[in-house]
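Here chain A shows up in two complexes: once beside chain B, once beside chain C.
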Partner chain A sequence: MLSFPDELNIYLPMKKIIRGGRGVKVVIPLEELSKKMNAISSVVPGKTTMPILSMVLLKAESSGITFSATDLDISVTSTVNGKVVKGGGISAPAKKIAEIVKSLSQGDVTLSSDDGEKLTIECAKSKFSVNGRSADDFPKLPKQDSKTEFSIETSLLSRLIQKTIYAVSTDLTRPALCGVKWEVDKTGVLMVSTDGHRLAKAETKLSLGDIKKSEVIVPPKALATFKSYAEKNEMIKVSIGDNSISFEMKEVSIYSRLLEGPFPNYQKVIPSNNTKELLISKEALNLATKRVAILSDALTHQVIFSLGKNSLRLHVATQDLGEATEDIDATYSDEKMEIGYNAAYVQDILRTFDTDEIAFKLDRPDNAGIITPVEQDGEIKQLCIVMPLRILG
Partner chain B sequence: MSNIKRLTAETTGKIAAGEIIERPVNVVKELIENALDASATKISIEIADGGKTLIKISDNGLGIISEEIPLAAENFATSKISTIEDIMKIKSLGFRGEALASIRSVSGLTISSRTFSDETGRQIRWKENQVVKDELIARNPGTDVTVTELFYNLPARKKFLSSEPSESRRISGMIQSFSLAFPEVAFSFRSNGNDVLNYPQSTLEERVEIVFGSRVFPNLKYFHREEGRTTIAGYASMPAYTRGNRSMQHIYVNKRAIKDRMIGHALRQAYSSLIPADRFPVVILYLDIPPGEIDVNVHPTKSEIRFQNERDIHRAITGILRESLQGKTISFREKVESVYKTIFPSGRDGKENTGISPREFQMTQSNKDLHGEEISGNRSDWLIKESPDSLFNQDPQSIDLNSSGGLYWQLHQSYIFIQIRGGVVIIDQHAAHERILYDLAKKNFEGGKPVVQSLLFPATLELSHEEYDNFERLEDKLPSIGFEVEPFGARAIIVRGIPAGVKNWNEGKLLQNILGEKGIGRNSADDLIRRFSCHGAIKAGEKLSVQEMESLTDQLFASEFPFTCPHGRPTILRVEMDDLDKRFHRT
Partner chain C sequence: MSGQAKYPAGEGEWGPNDRAIAHIDMDAFFASVEILDFPELKDKPVIVGVDSDRGVVAAASYKAREYGIHSAMPIFQARKRCSSLIIRPGRMKRYLEISRVVIRLLNRFSPLVEQVSIDEAFIDLTGTGRLLGRPERTIAAIREEIWKNTGLTSSVGLSTSKLVAKIASDIDKPDGMTVIPPLKVREFLDLLPIGKVPGVGKKGEEQLRKIGIKFLGEIRSLSPEYISASFGKFGSRLVEIAEGNIASPVIPYSQPKSISNELTLGEDTADFQVLEKHLLALSEKVGRRLRENDFRGRTITLKLKDFEHKQITRSRTLDRPACQGKIIFTEARKLLVSCRLDTKKRLIGVGVSNLEPLAGCSQYSLFGEKSAEEERWDRVDKAVDDITRMFGSGTVKRGRLHEGS
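Entry: the complex of A and B
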């Protein structure tokens, strides 16, 4: 018998599981089943030492049919449109079920089980019987301790995520940097991430009513999972607790563990006296960077930005490899200056802007540079910081 | 779920009772068998005074269910069979259900065990056949059996034991014997607090080599044959290599070590006329026979066996050995791997490396790294010394790495496999990155211009006295490899920039580790550069994307010395298709 750690109860909220009553029977149109099975399978861990985690939980209640999957960090519950013939539940191997469903051609699919441990799949003249486990064996999905709750549009949330998720660190020795920090209060939502070489911040002003202020660090996997489900725009409910966050969409609920802090004091490192301003086309800079970076050093990816009167010259010189140069029109009127950047970082940042006109706000070649859209859009205020790559000596 | 059942009177009557425990080695044997039957992958044996005062065997096996520990030490209680019919299909090593009971009756016995599903373990101690302690304990899954004061109640037998070294040697021999049958199990043996044997989990080939040593092993030939449902395999020494006694002959039937006259005769016949009559070959023989065709219940120690088809087996053993000795089968040591040459410039000093093209290197067969430390020897089979077509004979560029599709594959997040024309190249990711960082740092140190990644959050490091001493000595050298660092109050430093491209910055741990090396940089700057490249390189166990693997490979081959890391260990091995073909008997 597997036993699950108690802490699981903290982050897997769900309605009470109906015990007893073995057996279940539901009828689901193939297209709907195929779509939902596909989506839920992405949460199922590929390799796990706990076999139950490779299963999907099918539940049928008077309120409807749901599929659930979890890797113990994230769990997803998806409602499925279909007919409940007999209420109950069963856990079944997710990858195999998805494969079977994918192979069916058309019609309604009947999923049923007499004993709650073997799942029968019937469609047209095909019949499969797959060994599963009791629904009771599936990790329990207990209640969440919600502290802060607010409603937000999926499109807005997705944009905030897209503008910050790329700067998340992969250095596991500092887990707090491996997530996106959220600051939520009654005036809106702010997200910030950094890996120590660059920083991304995006905030939106919203009137969220009288909610409690909350500062948490959300793992990127939870955000990516949310984005993958957020196809159509809708208002969703976000609940933040001490250890968990949940996203409740119309058809899908996602629950995730939070990362532990503390997150570094990022406000301190945002420069306030960067007075030199370079205005440039994002598209032109992106393409030029991509081109010259072909000859950049494989280890450092260094590209030199030479700022002159109304022009920016990108320059790369790598020993044993060669040189590349490209001039781009820009608006700049301060003193001449050379700054080195990691080309990959610059490209990451440029990708997140929605408008073409962007501004570099600089100070000295060895200080942090700020990159923002020239005009912030009405919805989201965005700011990036990138640290230079310098040549010593 | 109950595993251990009391045998019926009828069954016990049919199993001949016998004396099992004559000396400490018998205890060790019985307990190792139990551990192996419990699917252990790691078995540690510890003794004191040749086993007379202490024998302790710990395993990481399935453990005994808490409620069943008391029953485990009862006579004829076993989880391995339940009726006499089961003996006919026995696969486990033990089955008689008398070992623990016998041991308990002549010693102080403690069993401590926990199964994977139980949350706590249970420990029971018996003395004079009575339970004297019974408690729940915290422990990892597995079983420890401790036997103290062996034969305390049999003074006569105690007197009969040999000297401590002699008893200890017997035990060591017994463990070696098991280890040859179970290479997939790690064995360690300590006597009076000293490590005697330490065998990691390995393949059969590796295990045979570690047990017999690098002097004997090269003289062994692998053989393998299947005859119906019987498999005969093992190693036999070439006729040129013989011993003065039979101590290097190991015979296993279904993984159980046995002594058998018939097999002894078969061996003699196979080598007859090939070796002098008073010499003995080294033979490790594995017979895999359907359990129904042998009888193991001949003797309590199970070291004797009866074969149903004695003659057939005799003929098969003689046949395969003869064939093998005449060289009709393919040698096991046919190389699969071809490349290993430790490459040093003639000067042997890293400093003189620069400027010498790879062609001018002198190839040496030294297994020593730059510190003069012997590179661990038990893997030397990988490091074929007389490689006919060493990778070294080619320019690095001539290895066709793109070969349409350029298959990069990371094995166990440690090694990069790349398909090349005619085979596969294996790169040790840590050693490779070490070489790249070393070259870069060296170049910068000798007048190049290091590229520094400035840090958004400068790191403040509190140093120990020794680390700070090292820092002061190296303060003017660190910038030249790319660290932008300055003192920051008493015994602290602040780091504002790090060498671009370095992994494992780990919020300053990288620099702290370098500064923590004793006397670093005292003699030469090369020391600092080497430590930097070692600590800064990607570690084994780090997942790499295809792009990263590609980039790492490109950078490695851009190096002047791509074949070794700065310590002199190899970075690249090559496996030829020809070698694989031979392995699969396709040629």
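Entry: the complex of A and C
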């Protein structure tokens, strides 16, 4: 038999010459099945030239039942609570299985296959037989090339992600910006993302022991997938290699390829001489921005911030639409200033703060503004940068 | 207000089926707004423009025009002509504000208002006779309203087509009104000096004079085939104008959704290099059209049709909007690379959608607006645009697009 290097395995599913245990049979409570199918479906690519990728791999072993899905960039394997009647495996079309499961009303669901190519789903008086493929056709899940390993609480990791993922670029011409940069060393974890118009940075101090320093760019789909599984707080293992990252949770393991750098030198663009400070309530600013933005331009979402003595006025004027104004109490004692911002950017940022008092540190209407919580919480130090819009005239 | 209708009432009435179209042109708009807001500038030579080595006059007051200063003249030249020249930096926000007032006002008279630029618009008054009275009276009322609401004067041409209205508005400037009623249009066009016909530049005028044509009417004495053969598309357009075939509609403004160009190939091909070359030419053209219309866009789309007319489109969206041929080409080329050229293609096209205005407010960038190289290419694009505007398209093209290369 030919042997391929590990790296190629995920592209070239090998057919075993001798197929082992063809049949499989498991019984899973509907609620559990529905939850796990739903979660794994988000990994299944919508459009693909390789039909096998639209399938979910069901495996039953003495250790338990697992579902796996992959788009070749991300692979997820999740354990499913149920009874193994007969060990084995099958690949079945994920979207159809999810749809069928969703349509069922109650009871235990039996998933079985005699030949390992057709999956039978039985629940109460319903019976479906869905064409699938052999478990052996499913791409082999890759091995992690781990260099840096550490343990972290899911809740903390989720918060770091939530504070940075929104600023990731979608511009495929700048692939390095299409992910969140992680800097991990023995003192903690730092995440930063930017799309060139705004930047988000969040860091936590942790004593991670004697680990190797690692700087990598993680695609947002991997982070979103992690977040979707991280509902219970637990300690998990994160392993980072040169080309991949993996998250080992109790019930789920997620593997993802990394993006290629270089990530731009973000420290260079964090202003150091922004001396004008505006203190304001996040809630008040968020609501006011939401209101005035109703009349903002659909493309630019421009809202003008007029800063005066202890006040902030938000103003929107859009040709063909109209105008809106709202005044907010604030603490500000520097010179009067008008700055234009994209309302959507401002709202994205406000959503990521956990405390109500926030500070804008500003310089000029055409320079980067820094937004931070007035009091950083004990766990995460957070900083956002947003570039203004050029105001006409 | 000094404007008097050039044709006394009775000479030409608008019948119920005659089109009535007016061209409204604000007089020395930017400069007039400056004078309006800063009365101390009144009767002084004022221009609006950026006072730098490369700045040009964006607008000149009538006093400045007495010194021979006109729009698009380099500022250093203008300064040579008039030592007491007052140069104001533009206040686009204010000009837009007033422009909006004028357009809103025009919309009270007819829903068919086509804004051509910040200071000109067409209004279609066809069929408003029963509601508003004779179009000349309506136009007089519009000018009065503009004056009352903005304190600015305008010059108006009223006729039966956009083309004649536009020529007419230029006849009595500033603060004038010229009416060419339906029955006078033919005579007006026949006696129109050829250089006044929109689209006929200095060069065109010279060429036409060489074959003895001084007035538009004389075009009709020549055979249309001869004109078309000698002057191409531009010639056929001239024949159409001379025959009075000029009924283009007044189109209320709506922003285009996309700008694209496509080409049916002379010969079906699956040759990447041939397709790539066409793509380059098309991308340059789309870029130029975007810039002409002051747009840039984020989504680049490639369209291919094979010999069986099966069509595929591929697109990708950028974070930063683009209007440069080079960027459009780079992205479209990547899309072409991703397409399998397993069948011969008969058509190739490239389009840019997800458009936004080029000017106006724009997002500052953290890592510098543009790289030095992008800046240089912007200047190349601008220079080529200027040359194209003066000498026609195809005057300057990329080396790779040159025949035989």
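The definition used in the following text is that the second predicted complex is superposed on the first by the 359 of 393 C-alpha atoms of A that agree within 3 Å, B and C clash if a C-alpha of one lies under 4 Å from a C-alpha of the other, contacts with A are read in each partner's own complex, and residues count from 1 in each chain.
Note that in this section a residue touches a chain if its C-beta (ideal position, glycine included) is under 8 Å from a C-beta of that chain, and two chains touch if they have at least 3 such contacts.
Note that the coordinates shown come from a computational prediction; the quantities given were computed from them, not determined experimentally.
**Q** Will chain C clash with chain B on chain A after the two structures are superposed, or do they fit?
**A** clash
**Q** Check whether A:Ser169 is in contact with chain B, with chain C, with both or with neither, and answer first, second, both or neither.
**A** In the superposition, A:Ser169 touches chain C alone.
**Q** Between chain B and chain C, whom does A:Gly340 touch in the aligned arrangement: first, second, both, or neither?
**A** After superposition on chain A, A:Gly340 lies in contact with both partners, chain B and chain C.
**Q** Going by the overlay, flag which of 110-118, 200-208 or 218-226 in chain C ends up clashing with chain B.
**A** 110-118
**Q** Show which residues of chain A both chain B and chain C reach, each in its own complex.
**A** Comparing the two interfaces on chain A, one with chain B and one with chain C, the shared residues are 171, 173-174, 194, 196-199, 264, 269, 297, 299-300, 302, 340, 342, 366, 368, 385, 387-393.
**Q** Considering only the defined contacts, which chain C positions touch chain A in the complex?
**A** Residues in contact with chain A: 91-94, 96, 100, 316-320, 331, 356, 360-367.
**Q** Would you tell me which residues of chain A are touching chain B in their complex?
**A** It comes out as residues 1, 3, 171, 173-174, 194, 196-199, 264, 269, 297-300, 302, 320, 340, 342, 366, 368, 385, 387-393.
**Q** Along chain A, where are the residues that touch chain C in the complex?
**A** It is residues 169-174, 177, 194-199, 264, 269, 297, 299-300, 302, 319, 340, 342, 366, 368, 385, 387-393 of chain A that touch chain C.
**Q** For chain B, which residues count as touching chain A in their complex?
**A** Chain B reaches chain A through residues 117, 119, 436, 440, 449-457, 479-480, 482, 484, 497, 500-501, 505-507, 509, 551, 554-555, 558.
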